[in-house]
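Per-chain numbering from 1; labels A, B, C and D assigned in written order.
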Amino acid sequence: MSITNLLENWSDFRHQHPSEDRPHLEYKWAMSIDLDSCTGCNACSVACYAENNLPVVGKEKFAHGHSHHWMRIERYWDNDGREFADQGAQFLPMLCQHCESAPCETVCPVGATNHTADGLNSQVYNRCVGSRYCNANCPYKVRYFNWYDYPTTDNVWPAPMEQQLNPDVTVRGKGVMEKCTFCVQRLTVAKSDARTEGRLVLDGEVQTACQQVCPTGAITFGNLVDPLAKVGKQWMQQQVDLNKDKQAKDAAEDAVKLRGYRILEELRTYPSVMYLEQLRESAI
Amino acid sequence: MIENGFNRRNFLKVLGWGGATVALSGCGNTSVEDGREFVTSYAETADYIIPSIGTYFNSTCAQCDAGCGIMGRVREGRVLKLEGNPESPINNGKMCGLGQAGVQAHYNPDRIREPLLRNGDRGEAITWEKALELINEKVGSVNPENVAFLTGVVSGHVKALLNNYLDALGSGHHYVYEAVAPSVVRASNKKAYGVEMPRLSMDKAKVIVSFGADFLGAWVSPVHFSQQYARFRKPDNGERGVLVQVESKMTLTGANADRWLAIRPGTEGILALGLINSLAAAGLPVSEDVAAAVGEYTSDRVSKDTGVSAEHIAKLAALLKERSPSLVIAGSAAEGYAHGSQNAAAIALLNQVLGNVGQTVEAPSSVPFPQMAPSTGNSFALQSLSDDMAQDKVKVLFSYGANPVFTAPAFFKLKENLKKVPFKVVFAHYMDETAVEADLVLPLNSAMEDWATLMPEYIAEGAQLNIRQPLMEKMYPGTLGVGDILLAMLKQRRPDEYNDYEDFYSYLRSAMVSNKDALGGADKDDDTFWETALSHGVVKLVGEPVNMTGSMSAAALVVPAPFAEDATYPLHLIPAVSASMRDGRNANEPWLQESPDPLTTIVWDSWVEMHPKTAAKLGIVEGDIVEVASKSGAIKAQAYLFPGIHPDVVSVPLGYGHEAMGRYAKGVGSNAFSILDPVFDNETGELAMHETRVKVTKAGQRVIIVKDEGPAGGSQMGRRIALRIPSNKVNLSEEV
Amino acid sequence: MSTRHLLALFNDFDEAVAAIADLRAANIKGFHIDDLILKSPIEHPEVEQVLGDKPVNVQWFTLVGATMGGLLAFILVSAAQGNFFAQLKGGKPIIPLPPNFILTYEMFILGGVFITILGFLICAGLPAKRSPLYSAKVSEDQIGILVQGDESAVAAFKAIFTKHKALEIQEEAAK
Amino acid sequence: MEKDIREDIAWAQINKDVLKSLESPRRIYWVILLIAIAMVGVAVGCEIYQYQTGMGVANKNNSHVWSLYIATFIFWIGMSHSGTLLSAILHLMHADWRKPIYRFAEAMTTFSLMTAGLFVMVHLGRLWQVYYVMPYPNERWAWPNFQSPLVWDMFAIATYLSSSVLFLYVGMIPDLAICRDNIHAGWRKKLYTIMSLGWEGTDRQWRNFRMTYLTIACFLIPLAVSVHSIVASDFAMSNMPGWHVTSFPPYFVAGALYSGCAAIITLFIILRYVFRFEEYMTLPIMRKLVRLTFAIAMVWTYLNLIEFASVWYGHDQTAKDQLIFKATGPYAPYFWAMIFFGSILPLMLAFKRFQTHLPILFVVSILLNVGMWLERWMIISPSFAHGHYPWAWDHDQWPSLIQWGMVFGSFGWFTLLFMVFCKVFPSVSMYEVKEMVYHRSLAQKHKPAVKGDY
């Protein structure tokens, strides 16, 4: 059976990703983050803790780099030797980029991390053996390992704090790699609801926790395949092509620039998160 | 999303009888297997409780006083996560990190679970009957003049009950205390515009100049302002607003400014007047008295005094003149000095000169029920109370919604003064510093278990009454809502009036329903009105726009010259108010402790921010433990070098350094409140938070700072990670 | 007519070779040169000169083993990927050839080695019970020649062995 | 000139000398064994603690996801390569001086692979699920991810280990027969009887034996090369700056041979003393070994320089930053120590007077391996400390005592296995020494005196 399968579907098994001729059919979840709107307030990060049962590891473990912020706010200075950072900071919400060609996926020895049909980079906790190769190979370092057994660690979820845990999301035990899922538990519910009604998920029907909380609406999330989705319109307008590792617009010498870009695109990871450059007024 | 026609009482009854075990046992809990709890079938629950499906209930956030509407996700009788209530005009479905952590206040393991009566150094659990009897006895045995209430901001029906209680006593004093509040600006606004808190329409402004108002972080109503900010930055016409922040220590808002101007501390008023001068010179029409008042503030002099370059002053003036309307905001950095009122007045004058009053500085609406309007607090209140206590004028003290022992500077000697009060009742969630000093501690329901109505100080449109309703059954039978306690206390004083109400809920419902005409429910029957109100979480009220004046006189306006140098205490201390820690009342919520400070990325500790130049002069490197000493005291913390602070300034965040409160707060960092100097605003008598002068010395130790930022610091090392582009290179109007 | 087995031990390899040459030349009843077994403490490839060219077949096992190993590995791996991994990883094809070639290569070697050993055991007739005509001296420093012939040929064997300074001659009837 | 071995040594004497090692080593043998057991105890304690508490106790973190375990894993894999070098490559080249020393080198191969395998397991966050990595049929059709270099590792190491064990065993069968013939009582007799498979040294056995040995030797050479290049792929296949280097596979192979040779020198000296093998593990052989080591050291140095040069010359600024960081950052002392021990110190080996000076060689060979261990660490940790993403850099995270304890214990584990092996099985190949002596004496007989060394 398997050999026949191999022979019959050989071309399917040999198709690469991302490719123009094999687009995502129903869903391709993607995000765009406007760095000009982002104020660095950390609401998204806390919302992620609340939604995804992230453990609070405490000072000592945080000092060792054991923190679990799937969504982390990075703060960069750009004062180039000036006395003050007088153009403010550059805040960057960093989460799993859900790369179309994810470096983490190929290296997992047990296939615990996969690309789903919806274009998510998924992590199967049950399957994970904790080799941590995925994080070694992640250029963004957005994967977080359970260095300890947090459910049984003191003061992580002391009773009755564990009652806050989201039953839709697994609480991970020790030795498992975890990362941003684009709130897959919400996507699953939305998809199943839509399927019941015989349609696809509409734009705005499902929000990630970080998107929902963001006070400035800097985060847009949606289905890139859906022509009505705001996220797709943004990608289109910014001329950022999911399937390219170098955008044509970057070579153009126009006076007016488009500010969409993807981080470390040159590594050919094809991230699903587009950032919009921060703006600064030149008149002051 | 919100179930409309269900009976709220039944819901709670279900939880109380059938659901209580569910509510308490939780998911994945093996206590059922242990036989400690019973398995309950979901087959008989109310039809809106569907296992595995979250139901949303609207309520009001209690993490700060902005009054954002929240929507709690309730599943199997437990509240799991808070989202913003899309129907609340304040936050429109959005939230901040602080608000998200509200569930951790609710499920906090360190909550007090029953009334505690002091017995030596220990608290002894007593029954509520006994506690209330004790209160009755103590209050009855003293002169009503000697009964005092210390509260945080109160509004709505709780405030009404509190006032009724004070009435019933015949006297009693109500001190409303806020450790960190824009009190001077309120007073100055009152003078300049006739209202304490005008409505700021940032989305209409093309330029915002903020004198240290951290409206994106911790100022007044940050979630609301953040949304306005987003529209200000990206309006439909694509004309991106320009934000200029003037302050001595960069706040979160400063970090988002197009231009952050480091100003010498205390010279904000000078800069404002200098700007008026430059604007007048550029041809902006100003009245004569104004022209006279600002005449001497030439660009050169202002630049010398403030440390802001003449180039930037000119550019800023040009920008303000060119792009109208603009908005000038005075924040805590401007008001925190002895001459804070003058600073605020100068800034208000700038707004007026720019013609912003009525444009971006708009009149708020009047409140139809003044008895429910918020009583905003200030530090002057605590000072008065402290003085009263020192003079033995207080015999019975009630404290609610404040933690003065933690937030009062050491010079207040509050702890000693408190000892003079024979009977101190503290309404508390945690055994915080004030509760530890109490004679009787009354455990409060969490905001997820409590009934209340609230009226925020800053309302985005019209007037509104927020409703806070329980999102789940009480965690502990031994806690009570503040409304219930007040009601019980009132029953002792005015039994005839209040004995009809079984509990605060019935009082609240009847109070609301009986006023339904004024609350927009004239066409509904009682139940429909009430249930609609609950399901929306907010009742919109009709109020008259208040009259605003925009013609303050510049005649009396005198702004003092910059501070003279002080050889012993050469540096200014800015106690920073961070978005998550604020005044420290939420310090026991671990998400907030672990959520990195946005600017320094430090977690689980306090720090001393200083400019690298200052640090170099003092021989300090990052991680050095330094002693920050003022005339009033000294604290130790780790040094953090920061490019967003004036070299004359060091800054220590507030909210850390708890000595009690709970496992997550206790012993984390040091308390910057304690070393503030006794300097007060000339006009309002408010504590001048930024006036403290300090010296910084190395304490000898060095630590590795626990922060998210790596050894690369804020540098991207030439890699394309967070990008920035001049706004004139981009066409925003084309963007989606 | 029964067959007899004789084991002669020699100190010197050259003498043993000479003895074999003599045996080969002599026409002894029931003795065939192919039945002669030389036992030695080290390998003496030179004995081929007197014993004749005897084929070694281990390498055919190797060939089969290695081919099977490689082929099986490729099919196993590809079939596993094709049937289990419906999901892409890192954008690479579900059946990516370079990794599969690496695994094929490893299994090619593994198959080769295993079947070679198997071939060795089969070809060398191991494991076996030690024959009764064995001397520990053979594993030390002496050469043993084990011959088999008709009962009547024992004397002839002995004569040749003694001629070539055999140190010891063991004799036993085969069953 | 000095001879590799005396040609007139009696074969019976060879048997006697070697068999003696199975029975009466010097007393220091037992001391070494005890120390080794104590070291293993340390590692076991560390592992129990880590297993129960979580990987966090190793002081790794989300930037430094790998650390000493993987470094030491590569180190031990590397060590294993010289056994193959001596037994397979030199066998094919008919360099007969290998004969007295290849047996223990092969044993070293096997045991260092066994040690390396432990590190893979110790490294896993969920050791109890380690079997997920193996391709076993199951009702869910859940296979390992064959794209992962770690799975290639698993295949390669499993192949290498089983092939090495078989190679070691097959090569030992004639010797096991000798043991069987000479030891007459106890469990050893049974063991040798079973393991020698009834070997009698018949011409048929020898014929097939030779072919088998040759064939496996041929297989082992590409296998050994593939094993370490696959281990190199763990790094070269990833996109970490400092790892993503084309020259990694040959570089790793050279490093492997290098550290293996150095380890053979160390063990040579130990065995020579402990089991009184002065007659067999002679100084001329040591000299050849040392020269070989020197040559490989220079190959390694060259490849090391090439790696730096190609990074330096390339356009990948990230990798360049990483290299500069390695040479100047907090890891600089270790980096330069690696250069010193790996490239400078072996220059000593070029001098004749050191080539047979056993005490100096003992120290130097250990230091070479320290250098090679540092090399592996310097590949791993600096890259994690200073990768693609500056925000996630971490220059302060150092391995905890748990990790060091496990590394320390692994040497005990190896020593334990090795020493037990040497006591139970002949660590000098008797039949091959006989062959060597035999062929040399033939050569002596038929040719004029051979000039110089072989």
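By definition in this document, contacts are C-beta pairs under 8 Å (C-beta built on N, C-alpha and C of every residue); 3 or more make two chains touch, one makes a residue touch a chain.
Keep in mind it's a predicted model, so treat the numbers as computed, not measured.
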Could you tell me which chains make contact with chain A and chain C both? D
Relative to chain B, the most remote chain by C-alpha centroid is chain C
Centroid of chain A to centroid of chain D, CA atoms only: how many Å? 43
Please compute the C-alpha centroid of chain B, do the same for chain D, then give the distance between them in whole Å. 65
Rounded to a whole Å, what is the gap between the Cα centroids of chain C and chain D? 30
Provide the list of chain D residues touching at least two other chains, using ranges where the numbers run on. 63, 142-143, 145, 147-148, 151, 388-389, 391-392, 394
Could you check chain A for residues that touch two or more other chains and list them? 67, 74, 103, 106-108, 111, 264
Contacts with two or more other chains occur in chain C at residues 81, 83-85, 89-90, 92
Chain touch graph shape: choose line, ring, star, complete or other and state it. other
Pairwise chain contacts, counting only pairs that touch as defined: A-B, A-C, A-D, B-D, C-D
In the complex, the residues of chain C that touch chain A are 75, 78-79, 81-85, 87-95
Hey, which residues of chain D end up touching chain C in the complex? 10-12, 15, 135, 141-143, 145-148, 151-152, 155-156, 158-159, 162-163, 166-167, 170, 173-174, 177-178, 181-182, 197-212, 215-216, 219, 222-223, 226, 230, 431-432, 434-435, 438
Per the touch rule, the chain D residues reaching chain A in their complex are 53-56, 59-66, 123-127, 129-130, 132-133, 142-145, 147-151, 154, 234, 237-240, 384, 387-389, 391-392, 394, 397
Complex interface listing, chain A residues touching chain D: 61, 64-67, 74, 94, 103, 106-111, 127-133, 135-137, 139-141, 143-149, 174-177, 264, 267
Residues on chain B engaged by chain A in the complex (per definition of touch): 24, 26-29, 52, 75-76, 78-84, 91, 93-101, 103-104, 106-109, 216-217, 222-223, 226-227, 229-230, 233-234, 240, 242, 244-245, 250, 252-262, 312, 315-316, 318-319, 475, 579-580, 590-596, 598-599, 601, 603-605, 611, 613, 643-644, 663-664, 668, 704, 706, 708-709, 713-716, 719-732, 734-736
